[in-house]
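You will see two complexes here that share subunit A, one where it goes with subunit B and one where it goes with subunit C.
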Partner chain A sequence: MSAKAARFPKTPAAIGLTLFVVAWMTLVIILPLANVLFEAFARGVAPYLTSLAHPDAISAVKLTLLVAAIAVPLNAVFGIAAAWAITRFEFSGKGLLLSILDLPFTISPVISGLVWVLLFGAHGWFGAALQDAGIQIIFALPGLVIATILVTLPFVARELIPLMQDQGTDEEVAAVTLGANGWSLFFRVTLPNIKWALTYGVLLCTARAMGEFGAVSVVSGHIRGLTNTLPLHIEVLYNEYDSVGAFAAATLLAGLAIITLILKTFLEWRFAGELAAHRKH
Partner chain B sequence: MSPTASTPATTVVPEGFKPPKVTHNTRVLPGFKLSLGLTITYLSLIVLIPLAALIARPWEHGLEAVINTVTDERVLASLKVTFGISFAAAIANLFTGLAVAWVLTRYEFPGKRILDALVDLPFALPTAVAGISLCTMYATNGWIGSLLEPLGIRVSYTPLGIFVALVFVGLPFIVRSVQPVLAEFDAEVEEAATTLGASPLQTAFRVILPALAPALLTGFSLAFARAVGEYGSVIFIAGNMPFLSEITPLLIVIKLEEFDYAGAATVALTLLSLSFLVLIVLNAAQLILSKRGQK
Partner chain C sequence: MSLIVSNITKTFDHFPALTDVSFQAEPGEFLALLGPSGSGKTTLLRLLAGLDQPDQGKVEFDGIDYLALNPRDRRIGMVFQSYALFRHMSVAQNIAFGLTVRPSKERPSKAEIKATVERLLKLIQLEDFGHRYPSQLSGGQRQRVALARALAINPRILLLDEPFGALDALVRKDLRRWLRQIHDETGVTTIFVTHDQEEALDLADRVVVLRSGQIEQIGKPVELYHRPQTEFVFDFLGSSNPAPARVDGDTAHFDGFSVPVISATPLNGQKTTRFRPFDTQLATEGAGFKAKLVSVLPAGPSLRLELKGDDGTLYEVHQAHDSNSADLKLRDTVYIRPTKVYAF
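The block that comes next holds the complex of A and B.
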């Protein structure tokens, strides 16, 4: 199939459409991003740095990193296991498994937080038992982690499944026939084949894990310096009319988003053939 | 390597090589039980058991309590706001997203690659950041809000604000669904249409648009589903006035803060069921469209 080669817009209609799209993208995407920087430095550099150096901000950064450091590796291991089971074997119920795997993308983040409160909250199914045992999940770190895991669960698996389906099993079957055991098969044949797709999935998973707001907001309890991740810290400051503080913290997450986009674009450009995202069609 | 290649008959057998056991099991690769076991356990713990709680808990005060919650004026109003504005935003994105995808695949201009990468910003930018930024931009003293104020248009703290936030959130879904189809669209078909005397508008509406319809609908469904559940980018700009600009996800949070677990679960289950219903209808429509496209 020969696609039309892209060229400079020449007809008035093409020029008009291009200008409209540039203007629209500026309004919808670029201005909100620029506005974050503008508001963060509205009173100069010193207040910006002061709000970032605040102990609550620092503890929010640390908590955000901690939650992602637990949730992302778990979802990565799960993603690899799920992709292996789904693409390497035939079994009944595979379609159902794939539908369940996609559920977290369809569920509202608020509901992804709510379900954990229904289980582990003060009036949750296991609430009383947990209280007796002295274990706190909701309004504490474990709650933040499980809510984040639920929201970001499909990212790695969704990236690996189409790729591994495409790659087929020839190399792996050959390795097994030559006597490779399970782990050396995985580390020496499968992992090198999927490493860029895995990186891509982990990248998207990490970005979402650090930026998640709705689900985490429900289970956090907004305890300053204790259960506030960076997005929740932003919410608290913003609602207290500390605009500079909120936007200063927001620049960190906006920076993270920009880095994510740059890495993502780089991976898509450099390793297009080894990523599922560019193979689907 | 193809087995027909002329390889020497003497194959070196590595030390400790055991010929694979021949069993009735056709599974050659290892790790079936381990990987499937891990997958099912993880999905059960993280997705299925929590969802079971969501499905079971609304009924604990009886069917009447569920009906009372669902038919509560405030809940109904929030559902109307959520679904209505999500629909409007997805429709708006259908047109602008198609325009963005078209320009990005068909034309070359300076800065195009950056613009293309920035389409994904709403995926990457945390919703709380988008929420506070849009809210200040469209407030009466913000960059855009101050321009609209003299025209008598207020965006922040009105339903229009929800629309603006959902347009931001939904844009990449339409663009990324349509872009690959547009890129692969056979230029010869278009040229054939032109050669046969079709005007550019006729080509667009009778040749290209029908081919894009399934992808457009996919993007529409994704944007709509995302919008219905959206929380972070909406709550700052919405103003959250009950009956006017209160979205259903916020109502769930409010009920939870009142320790009304059953009520929160009821509203959540209603929201989830309704959005699944819409998705099923859209999927069916998509199936019909793509079948028609293949003929």
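The block that comes next holds the complex of A and C.
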């Protein structure tokens, strides 16, 4: 990272503040995470593995990955399109579009799930028509995917917009005068310039897509082995007092989160270097 | 093969950026678009490159209607004020870009592209910099790479937007001479935009002076300087002092003396004429505009004196370093006499 904090003298206040932050983080992050591990292995390794090998657990992991695998690429494409439109063109209603883009961050995920039930559920606006056509959206994979898409919509666009605004259009305009068509322009100029921010956005989007609970919970219907994603699976087990099972599944989710965190830190380090080089330019 | 721009008009949200602009660039000519910021010169450049469309008017090159052509088909090499180098590509890749994006039928072979890049790297005197990235180059080096990249597509016209705007004075002067040399070697019709009158007069074969989106005057640097047609051109090309006079044909009459007057058309009557700081004589007595010495700047090819008239008018006067003026002290009273004046 390029920005280093100015060094303050190590006064008792400074030491106290640092200790407070470390203690607080231990209390609210490290301790619960350690507890997850502790509870998962409370009865040893064998029960831990058995509960992970349960078909419901495996199907929950598969479903979680499948939902993320569909939702994240769609949001990446949308994010690039939205960032491109917002930073490269002038149009009326741009401010409104930017505000709407933030909506999924500000509204409760439960609402994000509920809107789909109200639209596509059995008693929703399109419920009857869908039922006649034999298409099931709510309490099925499509519902899980669209709920996840809605909740994770802003991640990629929000990463790209400030970067693309900062980079400006000069390089793209130059490419056009040099004879580049739209295709070359995007793949040879735009994409290489945003690749790290894009990767970073996709990563955040993936982490959120896999961990999403609220919206998914509303549209899932909690059908074991069918529509339970990993977070929902954990809830079900916990409600049934299967604490080893619940915490074992939680270690998977926490593991995914930690992998994401490591990748994110790596990218931040990598991305900061690139950004610094870009700024010098 | 000349570029003909006729009656171009462009309006942005009711703001007239360009009004009825017409000029012609001859093959191989080096043309400057000179004007203060907001005069429409960059807008004009963008219209030529196809990055904007005019509301009215025509742009023709070699008989081809350029306004109907997509910017990528115009083969206009553009050098941007910010250079706009591709930051993720090496210098060599930057220069090769215009060739490598061509459709496969028209694309030169890899060996040909490599040869072109090497030839251009040599031209811009950066032979050993092909593998570097733009962020590892100085401003002047980036400028040269941007030029090589534009030249690589073998452009019909080269456009440069404030090519020396972001460089420091020394590099600027060096690069200016070098750019002229490159132009003479390649012979490509070149149009550059600048707000620096010295740059325009020094470099260009002809200068188009723009003011508020309209052409004030087109001419060779010498013509512009010696025969300015409007007050604006006179004031923009150098320092100017006002002098109210009674003009009578080719003579301007002042209180106690008369001097020749230069004007585009014969003029008569009371006029505010203008004169250059170096077209002056200073005396401690006699006829002239009475003024007090306010400051002396001894640096440069001549002594620069600032004087304040009794009526508050500020005058700038240049005198030789070894003239009597060198002995003047601040607040001394002197009489300024122009040796020739311009009237419009």
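The working rule: the second predicted complex is superposed on the first by the 262 of 281 C-alpha atoms of A that agree within 3 Å, B and C clash if a C-alpha of one lies under 4 Å from a C-alpha of the other, contacts with A are read in each partner's own complex, and residues count from 1 in each chain.
We adopt the following convention: contacts are C-beta pairs under 8 Å (C-beta built on N, C-alpha and C of every residue); 3 or more make two chains touch, one makes a residue touch a chain.
Since the structure is predicted, the reported quantities are computational estimates derived from the model, not experimental observations.
K.L.:
In the overlay, answer first, second, both or neither for which of subunit B and subunit C A:Pro73 touches.
P.N.:
neither
K.L.:
Using the superposition on chain A described above, determine whether A:Ala246 touches subunit B (first), subunit C (second), both, or neither.
P.N.:
In the superposed model, A:Ala246 contacts subunit B only, not subunit C.
K.L.:
A:Met25 in the overlay: touching subunit B, subunit C, both, or neither? Say first, second, both or neither.
P.N.:
Touch partner of A:Met25: subunit B, not subunit C.
K.L.:
Just to be sure I read the superposition right, which of the two partners does A:Glu171 touch: subunit B = first, subunit C = second, or both, or neither?
P.N.:
second
K.L.:
In the three-chain superposition, say which chain, subunit B or subunit C, touches more residues of subunit A.
P.N.:
B
K.L.:
Quick check on the superposed pair: does A:Asn181 touch subunit B, subunit C, both, or neither? Answer first, second, both or neither.
P.N.:
So A:Asn181 meets both subunit B and subunit C here.
K.L.:
First (subunit B), second (subunit C), both or neither: which does A:Ala122 touch?
P.N.:
first
K.L.:
Just to be sure I read the superposition right, which of the two partners does A:Val189 touch: subunit B = first, subunit C = second, or both, or neither?
P.N.:
Once the two structures are laid over each other on A, A:Val189 reaches subunit C alone.
K.L.:
So subunit A touches subunit B in one structure and subunit C in the other; where do those two contact lists coincide?
P.N.:
173, 176-179, 181, 280-281
K.L.:
Going by the contact rule at the top, pick out the subunit A residues touching subunit B in the complex.
P.N.:
Interface residues on the subunit A side: 1-4, 6-9, 13-14, 17-18, 20-22, 24-25, 27-33, 35-36, 39, 77-78, 81-82, 84-86, 88-89, 91, 97, 100-101, 103-104, 106-111, 114-119, 121-125, 146, 149-150, 153, 169, 172-173, 176-179, 181-182, 185-186, 204, 207, 210-214, 217-218, 230-232, 234-235, 238, 243, 246-247, 250, 253-254, 256-258, 260-262, 264-265, 280-281.
K.L.:
Under the touch definition given earlier, write down the residues of subunit B that touch subunit A in their complex.
P.N.:
14, 16-18, 20, 27-32, 34-36, 38-40, 42-43, 46-51, 53-54, 57, 96, 99-100, 102-109, 111, 113, 115, 117-134, 136-137, 142-144, 167-168, 171, 180-181, 183-188, 190, 200, 225, 228-232, 236, 249-250, 252-253, 256, 259, 261, 264-265, 268, 271-272, 275-276, 279
K.L.:
Which of the residues in subunit C end up touching subunit A in this complex?
P.N.:
For subunit C paired with subunit A, touching residues are 49-51, 71-78, 80, 82, 84-89, 97-98, 101-102, 133-135, 149-150, 152-153.
K.L.:
Mind pulling up the subunit A residues that touch subunit C in the complex?
P.N.:
168, 170-171, 173-181, 184, 188-189, 192-193, 277-278, 280-281
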